């Protein structure tokens, strides 16, 4: 076999490889705060289960977490509700766009998986369990702070306000599911919570750190805190693999071969089971709404490190 | 960490665990030759990259390979056409039934992935590349014999004839794609080839042996023959993970956590990357058309061996 | 040819024929005020362009107009906007349920026709044209009063409130279209107006009288007031014929052969071009959401009077 | 009221009005025999129930009847099977393209109506009732000859052969329905019959004559032969109104206000119940596959004659 690659060297190489590609893709512009971001930013952070870290570029610069938050609220909701959650949301790839409502009609208000918007809204609603939005928002933020081992994670109120003001499709999805009684809190409460969770600002370094428990059977390898069970960890990773990138999940599995979850802010969290967590950020998106340069960097990194699960 | 589980002991345990469940599910009955199979049969075979084998029950009894053949024709077509193949078939989960034609209409005759029927028909058509059905059928059979390292693999002509006589949906799919010029050989030629490839008879032992190269970066670890590249191997496994079980692929990833491909004959081929190939057979199917007891056995086996990729 | 049938005698005969069927179908029960209605009620009123009237049963009892109001708001919106309206709503049968959102996704927020819920919401929004809900609601009510030549038409506030409280699907549709910028007023304003228009209480006698202009090229034959042009009248009737009963419009054309519009309150307005307007009411609905006995009565009446347009 | 318009003068006026528009639209080119037709041809023929005729342009030139044949096979099948036919085909607008297969999957092989391709294939299959294609083809041709009162109607074998050679979508539809057991004859037999019925050559004059019974309660007003019952006539007209132009049926009802059926050869048969039959032909098609100039001519003619049923 070939020698074990040097993580720091590989991260540096990948970072340099990406330079000519920076600025590619299309920065999300449906709200002003996202549109203002410099499309040439690029950050990469890796943290291993042994605690080794490697970073490149804007790895310390916070960006909008957006849909990556769905991984963490799924974990929280599973801890709170257990397998009951799966009565309200499926775990199959949808084969459709992130905000499609078609399947919801055909399947009576039960979303295909927790990572399309409809599914994530149900997960947030389940997580609320009757609590007030403020309490749940604080709970999510504090959980992220705990996982990332830092108090420097906050919610961008301007982004949350803009999401609410332009989120007609999410209002449509939420009301649709409410009509099927698959939303329990008032639509406005659930959506406000959802918009706030998506508006957290986080850096690559923080994000990789926060996701590390998913690479280590549910236990944070540095603090030894058990975040969730080994069994749930495997399953969350499985859902990330099959559903983490909407209707481009197959492509990500094909190209990168690792469980991952992308956000429209340009971030991608990727898990190397048993080994490491990776966070990459570059704001330009491809047609599927995933970071264009981010996906390239992950493919290169996974190949060089021999990290595909396949 | 826990001690390394003993493969033979685990296989025996899993086999015994399954006994109370035998006869569950529904044996495929759309053609007589499949309907005649005893629903209480159960076979399990594992072969590791080091050549260690473990078997249980009817592991030597041949069954109808059906859709599992799609993994091998995909490998052959990729070797023959390379990445050109992906212009004619996608690699995304479809979110639909194995024989759905809906997406084909919306996406102009390009099937979502090579494992739904429409996609597998395109792959077979690509593999034909102008050759006569007889030659291609022999090519597929001989490839399977080579991979399984035995001449005892044959095509059941009765099954092939029945498939053709009842395969209206496949004729519909094929003509539909032909109308979009995504079938190159005459519909009848491509379908005859397809029906024959699905009618191969193979045992668990042979199937696990034939798939072993997928657990070893494309190289048969016992003969050292390079069947395909490491890169393609990863990608075939990725497509198995996201698309190997039609609209229940997410469930299989969730429960078993390994790339796999099921067939309506009751067989499932599963790959443990870097470690082993598993074949299980039990004719009773669940609602998704996957072996009911087979899937249970794989979940138990994967858990006990710690073999989930997640 | 056969002698001209006597309208009063036919109406009496039809009324009696229906007696054994009263209580059939299923009374709408999604809001309390509708569920309370006695399912055995039956009213029938015909008014000809010459002013002849014939009535049977509960023809003077007010019921909830519901979707029949869409005919009148369509007329009003066409008068206000002219052909511009057709840029925001189509005029094709949808082939789908009254509240389906599927087509809306495929066709970028433009509803198929003005009689499915989505289309009617767009029509109401167009009719608002920046006005306050209160003003538009009064406008609609006053227009109905004018057409029916009576001040005894009012809006049932309890029903309007219930519609709003349970109308999640309509909120979903409205927000969906708002996301495609095909709603101009705030969602809440447009929906409040829509819920109020659907909550008018009207009797068969009033309804037939109000719709009479549609049987007479747009001119009220009794007052000689021109409500709309002859050209628009033909087109409103055409849309009633092809789209007036959601995914059972073909059936109504097949059985009755006249333009009509049904409401979930159990009423149906039917136009006999050049001859008469018919209103029937019976609360029990068939599977398509149309009055079960009402449709039977219309088929019998149309046959006996020789009134099919075909 | 205005004076009764003079038919001959109106037909002449309409014919002249169309001159600047000739050559518009797109001539069907999927088979050579259709593509060769001069796109500037225009024929118009009207025949009243009193036997008055009026013609313009190429009214005597035969063209390919294509889907207009579906009206006549529907009439024949209803005579042969009665209401049993409606168990195998619906009578609702589909809201979809003429050759869509999507609804067929959702509705288990029962086409929405007899005028989309799938529905017409079922009707032809029903009409066969076990007979050989040759006999049924002769039956259809002889029926058309009888209705048109001429022996000068023949089938263009070249067109029929081309239809079969390129008709992959129809093969797909037929096999799909065969898989749901909604086709009784062998697929090839039914389709050969269908392709031949669509390949009849007929002139406007012959077509209007052949359809005249539909304007006269099922009785040919000139020969007094009863072709079908008054009741069936109304229903055939109703289906023409709601489904005669695929996903543009609403538009035709809106613009012309008469039951009609178009064909991809550029012909349109239109019925004025109680008054007349109209046939128009102009090969250039609009986006919906209906004759561009033909639809314009019908709108003008219907308006000038005051012939809308609405």
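Every chain is named by a letter (A, B, C and D) in the order it is written, and numbering of its residues begins at 1.
Following the convention adopted for this analysis, a residue touches a chain if its C-beta (ideal position, glycine included) is under 8 Å from a C-beta of that chain, and two chains touch if they have at least 3 such contacts.
Everything numeric here is computed off the predicted structure, so don't read it as measured data.
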Common touching chains of chain B and chain A: none
Distance in touch steps, counted as few as possible, from chain A out to chain D: 2
Counterpart interface for A-B, drawn from B-D, C-D or A-C and sharing over half of its contact pairs: C-D
Equivalent-chain rotation between chain C and chain B, CA atoms, steps of 5 degrees: 180
For chain B paired with chain C, centre-to-centre distance based on mean C-alpha positions, whole Å: 55
Cα-centroid distance, chain C relative to chain D, in whole angstrom: 32
Centroid distance [mean C-alpha coordinates] between chain D and chain B, Å: 48
Residues within chain B bordering two or more other chains: none
Touching pairs among all chains present in the structure: A-B, A-C, B-D, C-D
Touch list for chain B against partner chain A, complex: 90-96, 103, 112-113, 233-235, 237-239, 241-243, 247-251, 253-254, 257, 259, 273, 308-310
Parts of chain A lying in touch with chain C, wherever the complex brings them together: 100-102, 105-106, 168-169, 171-176, 178-179, 187
